[in-house]
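Structures follow.
You will see two complexes here that share chain A, one where it goes with chain B and one where it goes with chain C.
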Partner chain A sequence: MTDALLTAEDAGLLSCHSCSLLTRAKSGADPGAHEEQHCPRCGSALHMRKPDSLTRTWALVIAAFLCYIPANLLPMTVVTSLGKVQSDTIMSGVIYFLQHGEWPIGLVILIASVVVPLTKLFILVYLLISVQRKSQWRPLERTRLYRVTEAIGRWSMTDIYVVTILVALVRLGNLATIEAGIGAIFFGGVVVLTIIAAMTFDPREIWDNMESTNDR
Partner chain B sequence: MIDTSNLIACHECDLLHRIPAQEGLHCVSRCRRCNAMLHRGVENSIDRTLALTFAGLILFVVANYFPFLAFKLQGQETQTTLISGVIGLHDEGKWEIALLVLLTTIVVPLTQLLLQLYIFLPLKLNRTPWFLAKVFRFAGKLSPWSMMEVFLIGILVAIVKLVGMAQIIPGVALWSFALLIVVLAAASANMDSRVVWDRVEYQR
Partner chain C sequence: MTDNTAGNAPENEIPEAVVKPRKGISIVWIIPIVAALIGAWVAYQSWSEIGPTIVITFGNAEGLVAGKTKIKYKDVEVGLVKQIDLEKDLKHVQVTVQMNKGSKGFLTKKTRFWVVKARISAGTVSGLGTLLGGAYIAIDPVNGGKFVKDYVGLEAVPIVTTDQPGQHFQLKASRRGSLDVGAPIYFRQIQVGEVVSYQLSEDAETVNFKIFVNDPHHIKVKENTRFWNASGLDISLSAAGFNVDMESIVSLVSGGLAFEVPPDTEPGKDAEENMVFTLYDDHTAAFEQQITLKEKVLLYFGGSVRGLTPGAPVEFRGIEIGEVKSVELEFDPEKQDFVIPVLIEIEPERMGKNAAIFSEERRMAILSAYVERGFRAQLKTGNLLTGQLYVDMNFYPDAEEEEIRMVDGYRVLPTIPTSLEEITKGVNVVLDKLKAFPFDKIGADLTRTLSHLDTTIVQAEGTLKSIDTIFAEDSVLSQELQKSMRELSETARSLRILTDYLERHPEALLRGKEK
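Take a look at the complex of A and B:
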């Protein structure tokens, strides 16, 4: 197969997101007309590209950034032990473990709660800007970056699960009790928003910019 | 006019590819431009998926029924199962997190296992389940929200956190969790979606 690179869009074909069946786009289907076509095999709505991909992804990314601020400033856990009350944010927890020589666990929380969500958000911002500027720079590498954001997002849930387990286990009345803080709610919001943001972004947009100069 | 029946478009860069007439089993085809996976063929896909689904359901029951950790401090002991953690969060008024944990570790994995049973048991018996296309599509949409493997990391971190504070006793559910994660991953790796879609096609 050494023929010219032909995409489904060039051929006027719609590719089904769910079952990959190709369907001919209704003739004269200009992007403005919102006449929805459905996959004849599985019934999914068909789109040339994910609808409003850039706008939706931007909205979700910005919302996630906004949630990330209170997620870091407000406490994740509130520990009550023998009358003393201690609130811990994500960073204060990480610093505590690093200072007490328990760097493996400190590192796990740092990666899951800080490195992963921030990396994911910055990659998405970069991809959005590069697509909007019609960049033709290294599309393969940018597609790989997109795959990274898809793969790593779920691991941010680690800290939420840790809090869940601590809450369930450490409830010994006055002796020691751990409660989830408000920060955990915002952090959960960050995780969910970034996962949906990666879903709404359409990596085919990266390649669309390549074709507009090569073939047409 | 192009014949579309033997073509497939890459989901990540939209490039068209011809589906090889004789595709080897156990072979992965990738996009020649962006290297995304186009299709992965699996031998005896229905049998394998069904067997792993049964194993997963048994492990799921064990993992949820028994406590996975116990915590002992000055004679007092508390235990936790998956659902008791969710209830604990809910009782504190953190229902948003309780719901998120409930969905990602209990509801979604269980729904996926039950749907796999609903789909692959009739297929094995050479019948077509009702609403096959709709159900299979829905099951596929659920998979990003099943996070059992992340929960296991959460358990490990919690153990290390608490180990200096009190005595931590791992329960039987912890081992079923670990096995369940392997089984769930194997089930999704052995699912050949083309087998199901061909069946839908045949039915039309």
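Take a look at the complex of A and C:
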């Protein structure tokens, strides 16, 4: 794609994650090593690449997938109104709003709770696979995908916030009470795990493949 | 993983570190494992709560929502409607229900399901909670028995559920009356049960009621208990007067039953489950009909029977012995006159406890003897205000001799006219006689007699006058009479003097008057 460029790794330079100080990597030390190199200025750990990036991201993504199943099957909210108990899962809530003509709310919930987390998970899986297969296909677009993933990740928390606010607000005793269901915990787990997974993934790995092929 | 060189070690004796690829798994895999474990545990939890799936068939799915409608027993959720489908023939609705775990034991053949909705009827208001919370399916679980998967839902709320202690009984009635399902059953005016169902008997001759009496009142139902219809307001206007009878306001609207052991009898053994009783029309009927022997007799009345209705009492010296069954009008072609046959029913037992023991012939012989002695029926006014009549039986020894006839298979007892009728008749006879009296002739005769009398009086005057003259003061007769009277008084005086003297001188009778 491009001519061989001088990368920081090739030059033996490290950039601090915290204070951006450019330091020279200690000779002999290499990216995967367990010797910790530290920033001489702020003392943060320095890595050539995020350590164990692929493994950690995989583990987190798989955990997120596992959590996503109960998050959708188990009730998100348990509404007790006049003695009538009703528990709603994410999808039943979405269907309820759509059926009652409140499609904007339904759509928001659908996007925040279903579309976003799933998109994130699938993007991460795709990125992981593509990195592991040393794909050279459209690294720029893949990097953009990664940035999108990072950016939208936190918006999935909307759902959790809605539930927590409802639980706190609707405390009318026998008239109406809303309680968070066990599904909410799993859903929160999904959101947190995907955010961490996105953090552990090192987008530079995408470009490493470009370098190595260029070298060869 | 990669070469690890200790670059600045020139000495050969110092061994080079062995490079080993990192073994084992990264600690980060604990996260998905933990997630998987938690997920598995939660999955097991929810799976373990899932009980059997059953299908209930209903006539319609009014108020039922898939995924929302609950199955409740004593307000405890025991299941959830999963799916509502139409049957293939489009006649019924199949409701698929996911029951909770552990419900298999009470999902047996006798278990019943029904939809609870707000129900407001004359006596009860129930299921108001469903107005806000939506309908739910109620279950009447019956323990013991095989698990059954398919049920037919009840269309109406059952009155009695299996968990209610008490007993069922059956009643036979000639008609339904105003009794409805759920109609109250009273014992001494306290509600102790309800009518569960009613239906025509197979031969459509009677209406069979199924009733339920709650514990502990069911033991009040004895073998000889009598049930009667306490429905509504029993207003009876009879020869006995005006009578209003009512068990309660509720029974006024929705009908009701009452039961009691006849007051003069000993309560019998406790009635058994599903024992069959007769349902009497009213309280009076319930206690009167202990008499089994009934004798139908015809009476022919000549006069008006206005005020005589079926049901009017037949009395003997003021004691009711039967009732009027029918009053008809018949034309007697022989006499060219209308007659009124009144069919009455007499209960001979009321006239003597032995009547039931006697044979038919014996009773007839007695009756014939009675009639010979003047046993007659008569219409009498029972209530002056309303003009109600009743049939009075009594002995009238002066009555004309009559015998018992047979007409249309009924015995005909002789009657005597009504007292009023009798009086009217008597007065009529007098009037007729008066009418026949020859007032005109008597008048003429009287005039003639009076004229005779006139002359007689004139003659009499003459006679009196002559008498007058005879007795006048200056008449000869009078003077002679005065003279005679004087003579007589003279004589009397001298006689007195004589007797005085003789009294003082009795010897003078012998010796003569002294000197």
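By our rule, the second predicted complex is superposed on the first by the 206 of 216 C-alpha atoms of A that agree within 3 Å, B and C clash if a C-alpha of one lies under 4 Å from a C-alpha of the other, contacts with A are read in each partner's own complex, and residues count from 1 in each chain.
Operating definition for what follows: a residue touches a chain if its C-beta (ideal position, glycine included) is under 8 Å from a C-beta of that chain, and two chains touch if they have at least 3 such contacts.
What you see is a predicted model; the values in this text were computed from it and never measured.
Overlaying the two complexes on chain A, which is it for chain B and chain C: clash or fit?
fit
Quick check on the superposed pair: does A:102 touch chain B, chain C, both, or neither? Answer first, second, both or neither.
Only chain B is touched by A:102; chain C is not.
Per the overlay, which chain contacts more chain A residues, chain B or chain C?
Counted on chain A, the partner with more touching residues turns out to be B.
Going by the contact rule set out at the top, does A:166 touch chain B (first), chain C (second), both, or neither?
First partner only, chain B.
Once the shared chain is lined up, is A:17 touching chain B (first), chain C (second), both, or neither of them?
A:17: touches chain B, not chain C.
A:129 contacts which: chain B (first), chain C (second), both, neither?
Touch partners of A:129: none, neither chain B nor chain C.
If we overlay the two complexes on their shared chain A, which of chain B and chain C does A:148 touch? Say first, second, both or neither.
Once the two structures are laid over each other on A, A:148 reaches no partner at all.
Report for A:63: first if it touches chain B alone, second if chain C alone, otherwise both or neither.
A:63: touches chain C, not chain B.
Can you work out, in whole Å, how close the C-alpha atoms of chain B and chain C get once everything is superposed?
13
Based on the A-chain superposition described above, do chain B and chain C contact any of the same residues on chain A, and if so which?
Chain A residues touching both partners: 189.
For chain A, which residues count as touching chain B in their complex?
Interface residues on chain A, with respect to chain B: 1, 5-9, 11, 13, 15, 17-24, 41-44, 102, 104-105, 108-109, 112, 139-140, 143, 146, 154-155, 157-172, 175-176, 179-180, 184-185, 188-189, 192, 195, 199, 203-204, 206-208.
Enumerate the contact residues on chain B facing chain A in the complex.
Listed in rising order, the residues of chain B that touch chain A are 2, 4, 7-9, 11-18, 32-36, 69, 71, 73-74, 76, 78-80, 84-86, 88-89, 92, 94, 96-97, 100-101, 104-105, 133-134, 136-137, 140, 144-145, 147, 150-151, 153-155, 157-158, 160-162, 165, 193, 197, 200-201, 204.
Applying the document's contact rule, which stretches of chain A touch chain C when the two form their complex?
My answer: residues 28, 30, 32-33, 52, 55-56, 59-60, 62-64, 66-67, 69-70, 73-74, 81-86, 92, 182, 186, 189, 193.
Going by the contact rule at the top, pick out the chain C residues touching chain A in the complex.
Touch list, chain C to chain A: 1-2, 4-5, 7, 26, 28-29, 31-32, 34-36, 38-39, 42-43, 46, 67-68, 77, 129, 132-134.
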